[in-house]
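Note that the chains take the letters A, B, C, D and E in the order they are written out, and that residue 1 is the start of every chain.
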């Protein structure tokens, strides 16, 4: 079976699963389901960059920022446009930014790249303060995206519809990422990661390959930001702090670097680890300060333990487990 | 002085040293010869503690030093001059030299320092310079001189002739013999090495394929042809 | 010795200096099409620098490198494949995270026709292209007798197999000039025999320029040998001539005490 | 692979609170009694308990919880105990939307009470309106909450930044005529709305406007500019930490302007705590009295130092329920807010519905802890309509220099507030 | 005309703190090739301990001493428990995530113990005046400490061992240097410098997130200066501090982070390894 068909079938199956799931869960869980969807896309984009080309970005929140603001501005100023046009625009804007970042970053290595991208995550959202009229200053933009087709109003609850849109978009993008990782481009990216000189000797354009990886990764980030704006109706600088960028990278490592399945586990962790830790903290009769900071502490401990104990992330463990099962049945 | 028994070292699944037995007698040079990739460097690295062996024992000066960390091995009296000398290019010549025996009493360091400069006069004039400015021969002198700063009981040298003019190589190897130190000398330059060695081992594919007096090895055309490439 | 007069590669009076050190000093040599040309010399003689000059990574202070009749200017590494040159590096430079087959597929990069966009979207043309490349890669793997390792990562393979993978990665590009950096290093006698046979069999489709320590192997495989010492050519000619040259013996084997 | 896919389903289902459909707007029917039982009523709020805005604001919900505990221990309102659920949003609008959706869709709260922050809360108003969830006593002085047509569910609480600035500007014009005025303002709606109010009254006197960014604690450049402009009066549209920073930085520069501080940043107890340590090391000239005395501030809630009957009640509640939390204006803010909400619940009657709660707010009958009346009516959802002005004396006690004044947010006059105001005994929530 | 002198002096004081925290990052980076993202949190814990001692005793210097000792202990523990297990991993991402995790944990612990409320933290000396004793103290302390660190590295046997272990751990081991111990000492040294930076950066108000921006600028300074070059980093810190102070005073405070980004992009596009950093020779 050709890769494209195989990936499309997988995506279709996943979409069917998501739709089925969305039918049996309550509206808020649908919101969470949709959140997992857009985080999945952001983490998958970053895992392609980090896993395939070995470039570590501490600033991917900046691309979500661009995507969210693009969708927000279009919804406010061009309300007639359908949401998929808004999302395409978000992808385009962040793609251009990604290409520029990638071009600047192609010569940087390790901590220099990390420092530069972190500065991007810190610096870029400050643009909103410079243009408060257009970008809403620190309050950001608030809006409501009503995308429900007229025929479905009153039939399908909004949150369910939103989950469908988010997942359909994310899965479509994931098909592209899957094509990338299993195809010649992904192979060349991994070659660049392992040995730049040998890759170049084999005819791979190292710089161009790195920029392309950054571009693709940024498009995913921008789409994810756009989907977030679509889902939550907000685009504000306070949402795109360096903490978001770092959390995305942490999710990549948590799930298992370089694997799209790992991105799924990372996204689930992003949404549910915080929530779970909060439930956990509320479950005890703790002093207020301790209860307030417990979720953050739990998150930190999980990160440390996962890296120390599971070098290949959650997906690494599952793969080892399923391989062992397979072997034991043969 | 140095006895290796059944040594096995592997990087990953393929052993680089595969059951080597070797004996280096005191006061003379023992040569280890072989082609690139035969396992010579790994053998030395295992002896000096840079790599942990899978199996086998290393006994030095009556003590089992198998698995010791490298800093302990050198303090015990076995100094290792790695391939290319391991001169730290970012440090000055003087700093490189001092590093060789920092743990020893100040007076001993001073004495050794004087001896090394006597042995390698070119270094004396270059002490404040960055080691990166030295020529290949000077670097090798610095590397050996630095090892001597620890006043070792034995010296393990990895290809000291690498990249050196034949006359320089000859001078270094001759110095080595004149020091009358116990030395384990890994070389591709078989003829040069055997000229100063008392005994030679030939390695191929991580195993000892020949062990004999240096003169015997030099005379054995067939062996030379098969394993030493000349 | 095969009669083949056409010059494929010409190195003309190349001098290279790093800081104060002269690494190459007026080196000239010609590689005839369809021949195996060896460059030998003691460690540090300047062989790898010569390779780097030919590849355009290191600029020559004086002299020129000619490919056929065109002068090679400063080339970027990824341009080499387009010029018909494939090169292996001393440390093998295999991609540790890629399987053997994938390593070889990267080498076939130059023969890829479909666009990046096509690959991203998984268009049928790209899939066909990928199959075609895979067939070529498989053919080379089979020729070098390493097909059964196609799914393995290089890190777990014996040294000899890894060397073949590196060779396969260079060969799959179907170069006019194959540059091999110490192809025999670390190989057993048996493996070297195989390598010699293999290289001799390549001369109908490519020229080979190789740097090697293993004299015996060089003598058997090469049509022509250039001997370097301290950046200068000290001998040049067919193996028999070079072998008899006393200067070569002194330089290469070292002087005895 | 199938195992993995099933895993996803399992994880998502594990986080699923139940499969109910009601509460989502598409259901079309508003649930008038969500969160209400015969013995309890569930309410929620979003607060910055962690993150950059937590300093200064994390104690509001502590004060509110103390009042609810006090009410519940007294038997609740109409027999219903108030169950107060606080969600941490870290002052991140994205998380605000998430936690509010959780409160509404999953926890099914009856109302959202005192959601904090303009950038955060503005993102959930439309959602709450669509879901028909009362959104009352928003903890922000932005103007947006007063929009009975567009956001009928939303009611403000604190005096808006514009009204308050008009009152402060009036005070400056009358008490310090002819003085040059500089403004240090937060670079968001706090500053923008505040300056709009000042401009209505003393536009010509303003010689310099310096924004600060809450993420950048170095205000030396801004104070330097104010000093250079010759401003003799510096109006601070700041949060408490930046009021303190401005005062310290002015002291560092040897710059001694008359500070005039809006209510959000004029919490004398908090300021005293922040400035306490400097006099100990650097001498009496930077002791708390030296730094704070003469400062002019605005307030709309009873002062912690006063013997107002409400203060007395709050002190009692504080001593009983949260003795280990310092009693600051911020805590009093939370207490007053909670008390006002409890009053509204009582006013809404025994058969509690969301419509009745909204009606209770619009009735105009809510009077209480605040020193000025609410604007609440069918036409206005603005909160407190004015403020009083105080100065700090050399013993760091507050003295009211301008009795409570009211005004509108437009060009209307500033007039004295009506003097009548209910006491705790008249409200009689408990006992 | 703005008061450039005051802006410059204010910037110099801020820059000193960036330089000190940046120096801590550089020491660790040189020793272990790890960018320590937990650095601000380690410094934060130390600053809070100093705060507690200050409050209990009313003195400044005992608090500072406690902070420095705590820094040493925390640095050693971090290296031994969290970083050492990763050394053989050869994955540059792992230490990034582990130190990030530690950052979250330590910040949370500070919040649990000392709450999110800002606490007033005294200056060492009188802070009033353009050249206030407190500012002079900060600048002089950082310059002196930086000088001492450079002297330690450049002119003592311990420094020689530290450099050798950092530059060529394999060779250093062969020369009798206890490489593992040197790495721990490097972390201890860095954490002590970081603790100092934390105490210097804390006034006037200490809260769990107060060092976050300081860290971003410290990292920026280190990247500009060259991560393996302490002198470059210290210069970078001072230059960045003054530049950002000017940007804030002349162009507006909202442009400060953008300006830092612009400086970084400019420097790195001209010199990918910072102004004074050494690039690794290309391997062919």
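The rule is simple: a residue touches a chain if its C-beta (ideal position, glycine included) is under 8 Å from a C-beta of that chain, and two chains touch if they have at least 3 such contacts.
Since we're looking at a predicted model, the values are computed, not measured.
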Going by the contact rule set out at the top, which chains touch both subunit A and subunit D? E
Label-sorted list of chains bordering both subunit C and subunit E is A, B
Number of hops, subunit B to subunit D, where each hop joins two touching chains: 2
Label of the chain whose CA centroid is most distant from the centroid of subunit A: B
Measuring between mean CA coordinates, which chain is farthest from subunit E? C
Any idea whether A-E or B-C has more C-beta pairs in contact? A-E
Distance in whole angstrom between the CA centres of subunit D and subunit E is 37
When the C-alpha atoms of subunit B and subunit E are each averaged to a single point, how far apart are the two points in Å? 42
Geometric centre distance via CA averages, subunit C-subunit A, whole Å: 43
Rounded Å distance between subunit C and subunit D, as computed from the means of their C-alpha atoms: 75
Residues of subunit C that touch two or more other chains sit at 89
Contacts with 2+ other chains: residues of subunit B: none
Which positions in subunit E are in touch with at least two other chains? 111, 115-116, 254, 256-257, 283-284
Listed in rising order, subunit E residues that touch subunit A in their complex are 29, 33, 35, 82, 85-86, 89, 91-94, 96-98, 100-109, 111-113, 115-116, 208, 212, 216, 219-220, 222-223, 227, 254-258, 260-262, 264-265, 268-269, 272-274, 277, 282-284
Which residues of subunit B touch subunit E in their complex? 48-50, 69-71, 74-75, 79-80, 82, 86, 88, 90-91, 95, 98-103, 146, 150
Sites on subunit A touched by subunit D in the complex: 13-14, 17, 21, 24-29, 31-33, 35-36, 126, 129, 132, 137-140, 142, 144, 153-159, 228, 232-234, 236, 238-239, 241, 261, 264, 268, 271-272, 275-276, 278, 288, 292-293, 295-296, 318, 322
Subunit E - residues contacting subunit B, complex: 157, 160-161, 163-164, 167-168, 170-179
Which residues of subunit E touch subunit D once you look at their complex with the stated criterion? 1-3, 6-7, 10, 14, 54, 58, 60, 111, 115-118, 120-130, 132, 204-205, 207, 209-210, 213, 245, 248-250, 252-254, 256-257
